[in-house]
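These are the structures in question, set out in turn.
Shared chain: subunit A. Partners: subunit B in the first complex, subunit C in the second.
Let's turn to the complex of A and B:
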């Protein structure tokens, strides 16, 4: 901490901010836990509303994770073992509700760590994080900035991993030369647009049109699809559209006779898409989130504990509900548990220090803390990410590809497109 | 280019069809009862969930599920009229606030009954009426267009050629004079609410297999419907239909030739221009129905 002050200069302003933070921290509930007392983890994500599909399945996965950990003896800190329990707060993807939820989880529930989806809700929570020093995680590293050192993106580097799908496509289907893209105009869609543009440019795939942005309240996608098809592209990219959009867009592509390649960040409930289109139409659909019964996840390099068993248990409890985030919050808890046990404490500062001491055990393999160029801070855990294709009606991991390797070769393109869309950390208001 | 124009035109006709069903129902309720029904989007949602329950879950044939859904939402309208709007008939603001409360109740019931995620509804048909390789109209969309023409035609006939319809129009034009002629205002309000709700319900039911059905799907529909009835003239059924067509064509063409975000802005601009040039709307007048 001292070196940080000397490196940047300990100004009067810094002193005042630090003093204020320390004063606020003194007013927080005591973090120390009595022996055997449960460790409470906050789950602050949309559990209802349009974005609930990226919150609720994660909570369901965490409940399974907690049962597994508690059955194995809990989390062992320096004062002994503690069971873990989750305290959920539905922020409805609303910044004001997220802020209320964060305050409540910290002050009333005494949580040691808060997991979030992030995105539009992070600006509401950021002042609480800065004031209290609470450790937060987000699934969206575009929330990261040097202003908040206690925010980590340890599960996914959305949308940067999307480059792996495009790169795989370019290498395995070189006949595909042109693409078009659509996206909802929001905090999830725009950084993903910039990333896909960089990935297509790096792969030598020509964009035939500007990305077609639509309002998140859109329900009829026929005009969007008509526009996409007007240029006769080889590839249609669905960016990071919510499943409420991916499904009707895919159905429209089918009905408007598209026979080319589709690539998307997610394909949640792809079985339903197959039912609405056809198995042949969905064959080869590329996305980034595997089913955890995939045999490729049993490789020694994968750090997620018993992915096949987790998937089976999840589907037993929540049939047909497996989605992109079902495993992600649980994988963050794996990292947090390992760091807390290493530190012997659930204190946020101690856990962050332990977590960032060397490479991290990301679900898909060992990874590095990264992100200073893009996010202004090395708080994103980045390594390999799977490229998934639908084959014979089933999601199949085609390959794990390295995100840092791609970035080392094409990082300048990514930064250029992120800047064009105002998505660099220093451009965000 | 001709193919692109033709496909966009077909997309616009579909959009105009379901928007007009919703907007005409909203106008009818306002015209007769003087209530701005903010829960109208949720009646559309209720129609869609009726299809989830009857067609997707209970596997009833789609064309049996749709009229049942329409009837169910019409009955919901009667419950609203009896429980909310009639007790508050002398307080238009009270009716508006009550409809917002009912909106939340319907959303919560949908969440409790079906969960927060979008519902999967198997396609009714995957047939497409194909004009050329690049121009086609999915038959499921054709159903919506045909239903809108038939139902709105039937409504026109009912309002213009039947005694109940005359009573409804008389109540909308001057409730006191209508009452003096022996027309039951309560009865006409009940009929208007049933028909208005049923139209929203059938729009939701018919489009359910074509959109993402979720508890919040009514929001964008009600916003569009309000724009349409302001452009058409608040209280004018003809205006609602014409404005639905104008809005659908403008929105669809702007989305296809520019982008969807701009289309929403242009839609709002259309409303602003009409409000400036003709504040009563295209067909607005004292004759509300």
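Let's turn to the complex of A and C:
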């Protein structure tokens, strides 16, 4: 019997059948939902460790999202309304633990969809996704490849949106002509380096030196900053550094009297950076992630429901913890909810088909499914992205800019630099 | 008569074990089995008195080597796992030339530096190591059937049986080495080095031998992990992982063969199952750290000292006595 069970090819269909039988036998959650039964969503991201800043705030945001949706009646499928609940697993940014987490969420918790940060952890989960057909999302579209059609990047096209900040800078501060850049030498840092290089080249800003890549275990940033300042640049670019790096680098720049322009992908917990440096020093700091109390987010084109209320609630529960990902996972859930309701089902195949039927309602406006040239598959949702500047100690949206417009004009530059850094999907080992 | 019966019962228990666990616990069991080999191989090195901070990187060398030979050269996975172990052992011999010019604390720091150099090489050279992203899509162990049981190595139970079989053989070899005259000489190199040297023992050669053997088995552990997870990257073998190995060894104790295994099993269950199940998902590092400090304060000789108290007649002689024997 056991032999018969294991000898038969293990496909998604057999997996669903056998896991349903096993879960029924073991009294575990069932895959098929009964009316009114909660829809479970998996949250598989780092909740502890150096990368937790891009996991934990997202889970906090999702809990608020779930409460709001449940208060409004839940998610309406063809068999009625269902409340939604999140099941989290801390993958510690480790591929082996991510594999264990994905297995638990799918086979024990019976989730209908799994949200991930992605990056180093995705290759550990990829075989599970391919074997089970589960729908996954990543914040890092560099995880996308034609091998896994059930992986989507619906919230952000990291790092491509970074081009909007550089373009805005070039148009609004044309006197800035030179730049240097530093980044941690990892899967998040390198594609971002290639993107910033393309953006600076497109904007006619000269790079004074090769990007300075430091090891992720670096804790002393004084030598890094000293080397950056040695070239006397107009702009210092902090790439997609984790907040554990952005903060000490900004502190060092302040201590070493840098008075020029800083641009960075993120500025998580920027109030702490202001406290460590000064309001004047941080004035004009450009990055890409707004606070959701920004009035610009009340525009009709924005698809995130009640951003100001969401931000207020988040800050009430988690004061000082608002970061780049606080809203992103919740915005993915907006897309998933809309698609599941359209399909009338939480089944991964039905949801992905409904989601990709026409343009998507991205948080910052309607967007297209895109990415074949860069990622080998059109599974990234791309549209406008905000450019944010710190003004008088507060993050302020300066403008929304179109990523596809930039790519249509300078896509060849981006591909060139991505290839130089081995970041194209077909260059991955 | 009692001993064979105990062995049979233990074997039956180990075979039945995964069937009493949940899916995620089965996954954890696979990694636990691999980590048991890692920490036991580490103990062999500590027998000579040297503590390395590069053991996890050496494990990574085995993982990378096995991944590359199976992926690029099409070598059969079980053979590539063996080649991964051999590569780690050979690299250890190479590293022994600079490293064994040092002892004690200096060796510790030297091993850390050597490990970081290896990690930087993996990061810098996209060809063949995949750079910071590492290597993904590593060939899995090919499925096969024994008639009464079909192995599907995507499934944790199948891989547990395979990895468990390999690890049992490795542990038996490590056990035999420790009980052999070579193993006794390792103890002597640690505890009676001047006396051993005066007796004609080449201290450096024995340190190198212990380093190479320990590294070889760590390489096999790495290869087993790589072919299960399907990916290796430089961050999976960094100093944080090494701290876990040190913790297992210190909390378990290194005076007996089973001490580090005890530490590895109990701390893994605590960290990966108990604390997660109790809902302390995000507080785990804090609680784990506190338990570690408490165990060091109240169990300075490790968890193995409890076993020795419960089973006093089974207590192992102290390493000093072994060395002097």
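To be clear about the criterion, the second predicted complex is superposed on the first by the 398 of 429 C-alpha atoms of A that agree within 3 Å, B and C clash if a C-alpha of one lies under 4 Å from a C-alpha of the other, contacts with A are read in each partner's own complex, and residues count from 1 in each chain.
Quick note on the criterion: a residue touches a chain if its C-beta (ideal position, glycine included) is under 8 Å from a C-beta of that chain, and two chains touch if they have at least 3 such contacts.
Note that the structure is a prediction, hence the values are computed from the model and not measured.
Because the two structures share subunit A, they can be overlaid on it, and in that overlay subunit B clashes with subunit C. In the superposed model, A:272 lies in contact with subunit B only, and not with subunit C. By the touch criterion stated above, A:56 is placed in contact with subunit B and with subunit C alike.
In the superposition on chain A, A:99 makes contact with subunit C only, not with subunit B.
In the overlay built on the shared chain, the residue A:88 is in contact with subunit C alone; subunit B does not reach it. In the superposed model, A:126 makes contact with subunit C only, not with subunit B. Of the two partner chains, neither subunit B nor subunit C is touched by A:308.
Of the two partner chains placed by superposition, subunit B and subunit C are both touched by A:47. Contact with both subunit B and subunit C is seen for A:185 once the two complexes are overlaid on the shared chain. By the touch criterion defined above, A:220 reaches subunit B but does not reach subunit C. In the overlay built on chain A, none of the stretches 44-52, 62-70, 80-88 or 206-214 of subunit B clash with subunit C except 80-88.
On subunit A, the surface patch touched by subunit B in one complex and by subunit C in the other comprises residues 47-49, 52, 56, 185, 215, 217. Residue ranges on subunit B touching subunit A, taken from their complex, read 4, 7-8, 11-12, 14-15, 111, 116-118, 120, 122-123, 126, 128, 130, 133-134, 136, 138, 141, 210-212, 214-217, 219-221, 223, 251-253, 255-257, 259-261, 263-264. Against subunit C, in their complex, subunit A makes its touches with residues 2-3, 6-7, 10, 47-49, 52, 56, 88-90, 93-96, 99-101, 103-104, 107-108, 120, 123-124, 126-127, 131, 185-187, 189-190, 215-217, 422, 427-429. The residues of subunit C lying in touch with subunit A in their complex are 22-24, 27-28, 31, 120, 123, 126, 128-137, 140, 145, 147-152, 154-156, 158, 225, 229-231, 233, 235-236, 238-240, 272, 276, 281-282, 284-285. Within the complex, the subunit A residues that touch subunit B are 47-50, 52-53, 56, 185, 210, 212-215, 217-220, 222-224, 226-227, 229-230, 243-245, 247-248, 251, 254-257, 269, 272, 275-276, 278, 321.
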